[in-house]
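Note that the chains are named A, B, C and D in the order they appear, and that numbering of residues resets to 1 at the start of each chain.
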Amino acid sequence: MSESSDPASLGPNVRQTAAEMATGDRTETLLQTEDLVKTFGGFTATDSVDFAIEEGELRCLIGPNGAGKSTLLKLITGTLTPTDGAVYYNGHDITDLAPNKRVDRGISMKFQVPSVYGDLTVRENARLPIQQFADGAERRQLVRESIDAAGLSGYEQVEASTLSHGQQQQLEISMAASLEPDLLLLDEPVAGLSVDERAKIAERVTRLNEDEGIAFIVIEHDTDFVGEIADKVTVLDEGDVFREGSIEEIESDPAVKRIYLGEDDGGDE
Amino acid sequence: MKQALSQARYGIAAVVAVVALFVIGALAAPNLTFRVYYAVSFIVLAAIGLAIIFGIMGVINLAHGEFILVGAYATTLSVTKLGVPLPAGMLVGALVTALFGLVVERVIISGYVPNWIGQQTVGRDLIKPFYDRLADSMVATFGLSLIMVQGARIVFGNSINQIGVPFGSTAGYPDYRIALVGITAGVLAVVYLLFTRTDFGTRVRATMQDEQTAMALGINTERTYMLTFAIGSGLAGFTGALFAPLLSMQPTLGSQFLVEAFVAVVVGGASVVVGTSLSGLMLGPIDALFSDEFGEFAGRIALLVAAMLALRFLPGGITGVVDRLRDRMEGGS
Amino acid sequence: MVAASTPSAITRLRNRLEGPNTIGNSRRFWTALALVVVALIAFPVVGGTGSQFSLFLVLGLLGLSLSLVWGYAGVLSFGQVVFFGIGAYTFGVVSINVPTPAGITGAVFAGVLAGAVVAALLGYFMFYGGVRDVYVTIITLVSTLVMLTFMAQTAGSEWTIGSAALGGFNGMPAIPLLTLGIEGVFTFQFVFNDLELFVPVLGVVNIDPFYYLSLAVLLAVYLGLRVLVNMDFGRVLVAIREDEDRTRMFGYDVERAKLVAFTIGGGLAGLSGVLYAARNVYIDPSVFQLYFATLPVVWVSVGGRKSLLGAVSATVAVEYVRLSLGGELALVVVGALLLVSILVLPGGIIPWIDDKLSDGRLDVSDVESPETPPEATEP
Amino acid sequence: MSRDSISRRGFVTAGGAALVAGLAGCSGSSSEGASTDSASSSETVKIGVLEDQSGNFALVGDPKYKASMLAIEEINADGGIDGKEIEPVTADPQSDNQRYQELTREYINDEAVDALWAGYSSATREAIRPIINRNEQLYFYTTQYEGGVCDWTTFACGPTARQQLGSVLPYLREEFGPKIYTIAADYNFGQLSADWVKVLANENDAEVIGEEFIPLSESSFGSTISRIQEADPDFVMSMLVGANHTAFYEQKASSGLDVPIGTSTAMAQGYEHRRIDPPAMANIYAGVNYMEEVPTAGNTSDGGFVDRYYEKYPDAPYLNEEAETNYFTTYMYKEAVEQAGTLEQPDVIEALESGISLGTERAPEAPEGGSIELDGATHHVDHHMWVMKADEEHTVEAVTNEKIPEQFLSETVGCDLTQETEQTQYTPVDYFEEAE
């Protein structure tokens, strides 16, 4: 992976050298949080969350609104710093690491609100993440792949803001995936999409997970979508892990339905 | 309800503290206290009109000084030429500026008039409104400011006669300036009540936060914009009216207020009344005490440096700090 | 892969100069630009020494510095005049203390360096402190007034650096005449050194060499910035301008990129200040006044925020009108011009012209027109 | 040669330049003749007058412009200079030093003016002096200023700080006592004037017990007034300048501070006593060479300077100190040109250096039978200084008056422009240690 040639490129070398990877103790766990707490003044968003993701795992995160899903994601990407507790990635403590440094380590994210660069063309959007680690012919190749994977070939010169909601989601997933991350976080990727657009995204995520071994944490309310793609599901309620298991276990568990429907079942002690 | 009550509790406590400090100060070191409170009032009055136009409506109004000029000239001319008593003259100043603000809003800021003309002639809107377009509104109001200053010079000449300062002085400090402190408190109270306790106030805040939803709820957002801008202008005009007896009546008088106003609004943060008054309470004493200790030059530099540090170390301005403090206190209990 | 002959030097150069971030990528644009440059070269021969016009070229650099910082990095700064003034004063102090040609040449670099260093310090204070959008604007606005208030009171004799008195509000007088080069090797005096030139048709004409220096510097900086903004660095800046958080999550050090852009902008503003002081042989604190600090924002807004060409052409146009309109109504006319131009063309004049002339970017409907349904284009 | 024709020509060439290179043909004549073509042969006398009519200094600059036009009109009605009509070339520099530099450059290179009047503030003078020195242009600077400019083509004919403070300070010392509190605008003029107060205090065994400098942008004086009240001086010397500082007088009055105030700047320039309600300016003593209320035959008699000024400008607000200097320097120039018999600037300068003197008719500051002289060596004027007092109703009367020569350059520094072609500005701190 050659460092991109132009001197003023500020993007860091995305892929870490093999040596650096080796020193971390080689566990299967890719990401782990220990008693992760985040409070906003009086309100506790996450309440000592212990949560772990294995390499290559596709985990879905569900739970009622305000359960702390987005906060947990932001603590992992570094946009928020926790009040207490720690986040480990590949065995390294990244609790206080800057967001862009975490991207170096292989964490990438698609935002809840689709945020592609509206004024730029599809090609310019796709090129941005790739330009920091690829150059010349290789860069053109990766950009073309990224656009094709998003189903937007032929749209290279189109201004991103004029794309449909679904197309923008696909483009942003391509951009996040083009960093060749180990862990890709998606925040409600199919919210507000039509049925066939959801199917396309589901197929896209599964392909990235199986073909390229990218681990996922996907926040999504649509249980059919979750059922289709999830290896394992975690249910968050009032800032803490409430249940964890396969989609079947979760769907059949009455307590989960109750917290969704709002009856307070007094916890599961 | 519980939260509203506790918020009021802090508000009242703060006001009582400020008044108590004033009374104790007036007894112990009257002159210094009057000067500190005058400095606070100057900043609050300079900023109150802008807090609405910039703070709420997202229009960087570089012609804010010239709105104060309109108020000052209208008051002075109505008193000197029409023989109107001073208090009435001040109301005239505020009203004339409010009307002027209305015209500016309709013709330039919201583009209602040009678009109406556009519809008649070309069949489409000519311009986009300036709300929440910070940079563009800055250029537009900079042009407006040039026009107003030179226009005032052409129409009224390089200066007009100034009205006398009423009342005498206590402890070597002009009574009129002490009265100004009281009037400032009154203005803050009225604006606070207007924006929090009246349904017009809620309509304004709804429109400003999300125009689409406000429209969906049946709020006439066009009228709300118009009235809010007019009120902002009227307050700036009232500031001009209040300072008319104190300043030399020249077309360039607005420039003295511009910096204090912008700094106070930005340092103050989101909320109009709480932000502006708190930044006044912070920056005013710094200006007054440094001037007292090290001379006027040091006072001026201290104010500017304090503003830079506040902008740097208080994200979200002072209102941000207050919100965080309040959350912590409530969270803690 | 057709073995295209290695691209000729010109196309390689054009590839570097052109890109989505700059206006004017067609051959037509380059011929038009060449024409304008030739016209500007001929202008002093016809327009009377061009010594007045050189002011607009010098201020064009200041416009470019804001266009880079605001137009590309999205940082609306009122502080460019701070670096402009500091560059000018540094040039004055160094050249007064070392009035030899080498000293003066050194003073030019000192001025640019001073502008860049102060910009880096202020930038670090703001960007690494998490200060964003309107707060940055107000901090830079306040910094100009701190400079104005401070410099106005440096009239006392204690405010003398070496033999250069800062001069307070009266300004720093008697800045040496700009003479570049090394003693003995080659030196040339650019200011107050009109050259006699025999032109066949017009007879003997005198021209101001400083005009050509500022024209050359402006052209070089313009082309340099075109290369910069079309490089990967330029694309990162544009991405930051569009959506800072999204760009951070692509692994870019946003704070460092903004700081680098802000520092380059400071250096450019410093260079403009140096040439301004050299041209007028004088500098005073009025460059820190709010009125002068607002002008760059006006130039870049009127010309077109997202275009270097817009910034340069609008600077020259607005300043020409502002300085040549006399009479009582001058300020009213300038104010009205600004108001109308931002009302009718908020995106700026040059981008508007560019849209009219070139095809520019497509719209999704252009691609998804009924007869070519999206599926049809699937590979 | 009105303003518009210049900008139109400029516009055409710029427009032409932008269009096509080979435009030599259609742009008409070659550029303006070289600047040194001898104007004496042409039939008009070209005078450049650049005074602020808008911007911060418009209030004090406009009367200067009007007085110059009055003098030119009178001279032309009376047959011009040496039979040649005066052709004024004017523009409004808008109190903007950049415009002053451009216009000065244009008036010297393109217009080739025979003499130039330009600028109110010291900052403007210093901004254009490099251009003037370089082109050796005859230049009249007509504002009262800190003094010390010894420049062989510049005639600083306004009174200096030493002359103005030298007239009012000794009087107040006699009347009220030795303790002085100085407040001054925080820039060159204010700081140098404060130095002169110390020098004069030393000469009149008075004592400066407090000194304060106020930024030009400051308009609230609470702390300054309370410090003055504490110091309790016998009188205050005020060198405040500009619109914002006028607020001091109003705030002083409404704070009940009624210490007498000596000034070299208030009332005479910005006519505060006409603009602010009494009694704000009560008890203020201005040491000036001229004010509208100066009671001399040439000034206030029927058909005098004041009548002629208001006849030409019925709605002018006031006839201020600098206006009279613009007026009499135009007549001095006329006399010098007629004495030299040519418009060649070196000869006119030599004629001016031969010592021109004007009586009350053309220099209204001089009383009946009195006169003012242009000192050839220093290019300054020995003025007839007046101390004018404003009472409770702001009516202004003369208290004392005396002739005061320039002194600083002539006696202390020894600047003699008839011998050397100097171009420097001297400051009192170089010559008086008490000015430290």
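Methods note: a residue touches a chain if its C-beta (ideal position, glycine included) is under 8 Å from a C-beta of that chain, and two chains touch if they have at least 3 such contacts.
What you see is a predicted model, and the numbers here were worked out from it, not measured in a lab.
Asks: Taking all protein C-alpha atoms shown, work out their mean, then name the chain whose own C-alpha mean is nearest to it.
Replies: C
Asks: Consider the two chain pairs C-D and B-C; indicate the one with the greater count of contacting C-beta pairs.
Replies: Looking at contacts between chains, C-D has the larger number.
Asks: Based on mean C-alpha positions, I'd like to know which chain lies farthest from subunit B.
Replies: The most distant chain relative to subunit B turns out to be A.
Asks: Any idea how many Å lie between the Cα centroids of subunit C and subunit D?
Replies: 38
Asks: Roughly how far is subunit A from subunit D, going centre to centre by Cα mean, in whole Å?
Replies: Once rounded, the distance between the two centres reads 73 Å.
Asks: What's the distance between the Cα centroids of subunit B and subunit D, rounded to whole Å?
Replies: 39
Asks: Residues of subunit D that touch two or more other chains: which are they?
Replies: 54, 186, 213, 215, 217
Asks: Do you know which subunit A residues sit against two or more other chains?
Replies: Correct list: empty.
Asks: Pull out every residue in subunit B that's touching 2 or more other chains.
Replies: Residues 150, 255, 297, 300 of subunit B touch two or more partner chains.
Asks: What does subunit D use to touch subunit B in their complex?
Replies: Listed in rising order, the residues are 54-56, 58-59, 62, 186, 212-215, 217-226, 229, 243-244, 246-247, 250-251, 253-257, 270, 272, 274-278, 280, 315, 317.
Asks: Which bits of subunit C are touching subunit A when the two form their complex?
Replies: Of all residues in subunit C, those touching subunit A are 20, 228, 231-233, 235-236, 238-239, 242-243, 245-254, 256-257, 260, 361-367, 374, 377-379.
Asks: In the complex of these two chains, what residues of subunit A are touching subunit C?
Replies: Going through subunit A, the ones touching subunit C are 4, 6, 8-12, 14, 77, 79, 98-100, 103-104, 108-109, 111, 115, 117-121, 124, 127-129, 131-132, 148, 151, 153-155, 157-159, 162-164, 167, 175-176, 179.
Asks: Over in the complex, which subunit B residues touch subunit C? Could you list them?
Replies: For this pair, the touching residues of subunit B are 60, 62, 108, 111, 114, 126-128, 133-136, 138-140, 142-147, 149-151, 154, 255, 258-259, 262-263, 266, 297, 300-301, 304-305, 307-308, 311-313, 315.
Asks: With touch defined as at the start, can you tell me which subunit C residues reach subunit D in the complex?
Replies: 35-36, 38-43, 45-49, 51-53, 55, 148-149, 152-153, 155-157, 167-171, 173-174, 192, 199, 201-203, 205-206, 280-282, 284, 286, 320, 323-328, 330-331
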